[in-house]
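Okay, so here's the structure we're looking at.
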Amino acid sequence: MSEAVLVVALALVVVMATAVVLTRDPARQAIVLSAYGVTLGVLFLVLQAPDVALSQIAVGTVVVPLVVILAIHAIRKQHGERR
Amino acid sequence: MMTAALVLLVAAVGPALLTTLWGDPADRLTGLILAGPTATMVLLLLSAAYHRPAYLDVALVLGLLSFAGSLVYARFIGRTL
Amino acid sequence: MSRRTRFAVFAVGAAGLVILFVLAAFRLPDFGGRFHPYGERAVTSAIAEKTKNVVSSVNFDQRAFDTVGEELILFASALGAVILLRMVRREREEEAGEHGYGPADVFDALRLTGYLLLPVTLLVGVYIVAHGHLSPGGGFQGGVVLGTALHLLYLTGDYPALARLRPVPVFESAEALGAGAFVVLGLAGAGLLIPMNSVVGLEVGCAFVLVLAKFFEQALLVRTDDAGTEDS
Amino acid sequence: MVQAAIAAPVLIAIMLAAGGRRLPRPVVDAVATGTILAVTVLLGIVLATALRHPVVTWLGGWPPRGGVSVGIPLVADPMSAGLALLVAVLTLAALVFSWRYLVEVQAIYHALMLLFTAAMCAFVLTGDLFDAFVFFELMSVIAYVLTGYKAEEPRTVHGALNFGVINSLGAYVTLMGIGLLYARTGQLNFAAMGARLPGQDHRLVTVAFALVCTGFLVKAATAPFHFWLADAHAVAPTPVCVLFSGVMVELGVYAIARTYWATFAGAVPGARPALAFLGVVTALLGGVMCVLQRHVKRLLAYSTVSHVGVILLGVAALDHDSLAGAAYYLLGHAGVKSALFIAAGTLLNRFETLDERELHGRGLRLRASGAVFLVGGLGLAGVPPSGLWAGKAVMDEAAQRAGWWWAAPVGVVASALTAGAVLRVWLRVFRGVGPSGGGTAEHEDSETGPRMSRLPWTMLTPGVILAGGAVLLGLIPGLLHGVSHAAGLFVDHDGYVSAVLSGGAWHAASAPLHPWTAAGLVGGAAGVVLAAVVAVLGLHQPVPRILRPVIDRLRAAHSGHVGEYAAWLTAGVALFGLLLFTA
Amino acid sequence: MSHLPYLAAGWILLAGIFGMVTSRNLVHVVVCLSVTQSATYVLLLAIGYRKGGTAPVFSDIKPTGKVVDPVVQAMTLTDIVVNATATALLLALAVQVAKRRGTIDPDELRPLE
């Protein structure tokens, strides 16, 4: 059974990673990236690495999305002012 | 426990994640908001299944931060998103 | 190069990479196998040192030099954010205006939740730092949680409160202090896990707050004149 | 001692970052320069010790028990200690140059330079592959920031971004390779991995070698991984360019050599032809691109690409003499190229442009910079007794013995093209020869704020000393002997493994080197003559008409498009792997 | 199953590079780069996994029995820090490119010569 959990977690990670790459609009991509981070966290716990899972969740849920969104915001504003 | 975790992973986390893949940002955000707590539940169940109370810390942090993570997007929806 | 050529170059390379990687992957030991000589030695060494969390022992004691490098990367990139995102001529931070991020447009219930969560998150951060040598977690993870906690203020709609709580120079000094103390402890290499976790927590938390502060600054920037086409 | 040389700059850097903005500028300069001076002395002592007996230091008190350890060693053999010393010396020159340099967030610049030095030293001294990855990343992160330091200029941030993305991508591919090696050997230490590689499946080992080398090849700007280099070097601040071209890029070649001899020695039969192929392509491509440039820093950047190709070719022969020659060449190149970048920096400060045409005849009165350009150009051409000439002569002789008759001509072509371009700049800018005009009038910041009435000595002396030293390098007999000794130790895989893992003896059989051969002198003369021809031809007719389509293709390929660079990187990994398997 | 996780890591690596190659937006490039890096986490942790093993954290269990490899976990931790910082730095550069160049489409950015 634990093997099945592993396979499912791995499959979710692969699907989400591909999805992150294929989402071309950065703002939408950021949301998918957050979701991807959650799947990574689950996979790491399944692989018996709670320290790494904790790290991934800490970085991937708030800090990285916030940086990405703020960057997009700064860039959008730039473009808005130009037009 | 393990079975419950598996079922939850397939039946709840999976669909929530898939919701983030299509639609406009608000729809995607719904998926993300659902994915946080359901994944937390999965982690709780896994912790029990592996007989490792130490893993609960991970679930605790995911529970706390996934809420904050959803807020990040909620804050910007209609503005940048 | 046209998009098609670029894709063709990539496709050829990717095909080669797939062949190489698959060749190698099938020569690796089976997934879940028992061959982990370094890991077993690390566990033995950690038990001999009476450290309960072996990952922490590897990070802060056996391979402490790696972690010194890692913390310096963090330190350098915080400096980098300060450099790369500094305000240049013709820019200033936006006052609370139409783009303002003042305490507005967020439900009261949400804001209350945020305020309530702030102390809880801080507490959890401290707990994760303090128990790094025992349970999963440690300075890095806890530090990030601590840094995140402060930003709950912004997320619940109160940027001014965040700005007040975040005097950038203090964080810069604290970050440097943490990094310096960690380098000294790391090279002393005495396996002082508890103080090491604490200084890493300090450094990481401050570094992320600093980096985010710089990004906030950029997101809230306006130009005071319309010389928006420097490069033309 | 070794730890102190790494820890001292780090701690001072942290203090400068914390409190430096309250200090007056001269104090910051003095502290930074003084620290590097101390590091130079320390590393000098380390090198002197290492020449007698290589020093292995296990950090944190985890020495190996029974041939295995859980800790990380620092290995100071003459080669690594010598390179670390070179890093320190070049940083010293760069810091002296930047005394009058405009720095906006002042002490942070100094802190970053100190951290950069420490990162490079740790990278060359470490004896652990994953640790090397960590310090590779530290070095790279600091390098992106320093490249983008003048963040208000469009080309600067774009160049830094390309640099960052491509270098990080390379580093991650390297980490995949480290993972493969770890899975198979269960070790991370160069020596311990090397001790367990014999008998492993050769396909896995070859793929691991290809992946591990990728990041280092990107750093070494080997074709087709080289695109980022010109983008970054053309825009980075001058003192930073000194470190980039002088030593950081070469550290990529060093890392390949180190991983090869310490870990893979003998396990990858394809390494020799594969590395040689990449070296030749890089040397020629870099030379051609160099001649085509008119932006002086970009021109110098491509010349670095070309010369690193020659160094890689020297390493690729995988024998002791050739490696010694390559090391000597590296030393000479570091001096010449740093001096040239410093001289280019003085041009930028005086005239606020680096366009060769626009600078036509304007350097007539800059005697010192002109002299540096002339001497540097001759040095690159391989005029005896320069370090490049001596290294080249030794490499060629080794190549001849190995049956690589084509290696010497490739080297001559590379040095003729790159030196020709530099001499062309000298003729046009400092002698006012050739037609003028046709400038693009692209204005750049002068890097020093208000224009100075005359150039301060701090901006000239480092360049003059470095260029002069590099050109006379071949005359120092003791140095040749030392380099040969260092190379002898470096290629001794068994000695390395036993010295690191069990504190065993590590002696080298070092043969004396003789650059003063007829072939060597002919090679040097040919380089100088051809360089003069290239320079004079280049003054009047930039490109022969027949070659136009090819040249346009080449230019178009160096587009500054980060996606293209990533595509080339993928293709490069595949190509390198293919060469390793088939050759 | 015996090699599946390794192949998954390879897939993620390639997918990330594919995204970078075909991207029309520098922010997208940087995010794809971080996906590329996540391939290394998966590979490293898969290598360190041991069937039936548990985490080498002995706060709630006795240090007997099978545990997974702590060294790869330490390496992955370092890797995650590198990822977060590199992403932040490169995004900072992307913001500056947008400001100075007025576009973040690599196709529209002028050559650097």
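To keep things simple, chains are lettered A, B, C, D and E as they appear, and every chain counts its residues starting from 1.
The rule is short, and it goes like this: a contact is a pair of C-beta atoms (placed from the backbone, for glycine too) under 8 Å apart; a residue touches a chain by one contact, two chains touch by 3 or more.
Remember, it's a predicted structure, so these values are computed and weren't measured experimentally.
Using the contact threshold fixed earlier, the set of chains in contact with both chain B and chain E is A, C.
Think of each touching pair as a link: the shortest run of links from chain A to chain D has 2 of them. The greatest centre-to-centre distance from chain A, using averaged C-alpha positions, is reached by D. Most remote chain with respect to chain E, judged by CA-atom centres, is D.
Note: centroid distance chain A to chain E, computed from Cα atoms, is 10 Å. Per-chain CA centroids place chain A at a distance of 15 Å from chain C. As a whole-number value, the distance joining the C-alpha centres of chain C and chain D reads 31 Å.
Multi-chain contact residues, meaning those touching two or more other chains, occur in chain D at positions 130, 134, 137, 141, 144-145, 148, 151-152, 154, 157, 176, 182-183, 188, 559, 561, 563-564, 566-567, 569-570. In chain C, 6-7, 10, 14, 17, 21, 28, 36, 38-39, 42, 53, 55, 58, 63, 66, 69-70, 73, 77, 80, 84-85, 128, 135-137, 140-141, 145, 148, 151, 211, 215, 218, 228-231 are the positions where the chain touches two or more neighbouring chains simultaneously.
Contacts with at least two other chains are made by residues 50, 52, 54-55, 57-58, 61, 65, 68, 72 of chain B.
Interfaces, counted as pairs of touching chains, are A-B, A-C, A-E, B-C, B-E, C-D, C-E, D-E. By the touch rule above, chain B contacts chain C in their complex via residues 54-55, 57-58, 60-61, 64-65, 67-68, 71-72, 75. Residue ranges of chain D in contact with chain C, taken from their complex: 3, 7, 10-11, 14-15, 17-19, 59-62, 68, 70-72, 104-105, 108, 111-112, 115, 118-119, 122, 126, 130-131, 134-135, 137-138, 141-142, 144-145, 148-149, 151-152, 154, 157, 176, 180, 182-184, 186-188, 201, 203-204, 207-208, 210-211, 556-557, 559, 561, 563-564, 566-575, 577-578. Of all residues in chain E, those touching chain D in their complex are 9, 13, 17, 20-23, 26, 29-30, 33, 36-37, 39-40, 43-44, 47, 71-72, 75, 78-79, 82, 85-86, 89-90, 93-94, 96-97, 100-101, 106-107, 109-113. Those residues of chain C lying in contact with chain B across their complex are 106, 110, 113-114, 117, 120-121, 124, 128, 131, 135-137, 141, 145, 148, 151-152, 154-157. Those residues of chain E lying in contact with chain A across their complex are 1, 4-5, 8, 11-12, 15-16, 18-19, 23-25, 27-28, 31-32, 34-35, 38-39, 41-42, 45-46, 48-50, 53-55, 57, 67-68, 73, 76-77, 80-81, 83-84, 87-88, 91-92, 94-95, 98-99, 102, 104.
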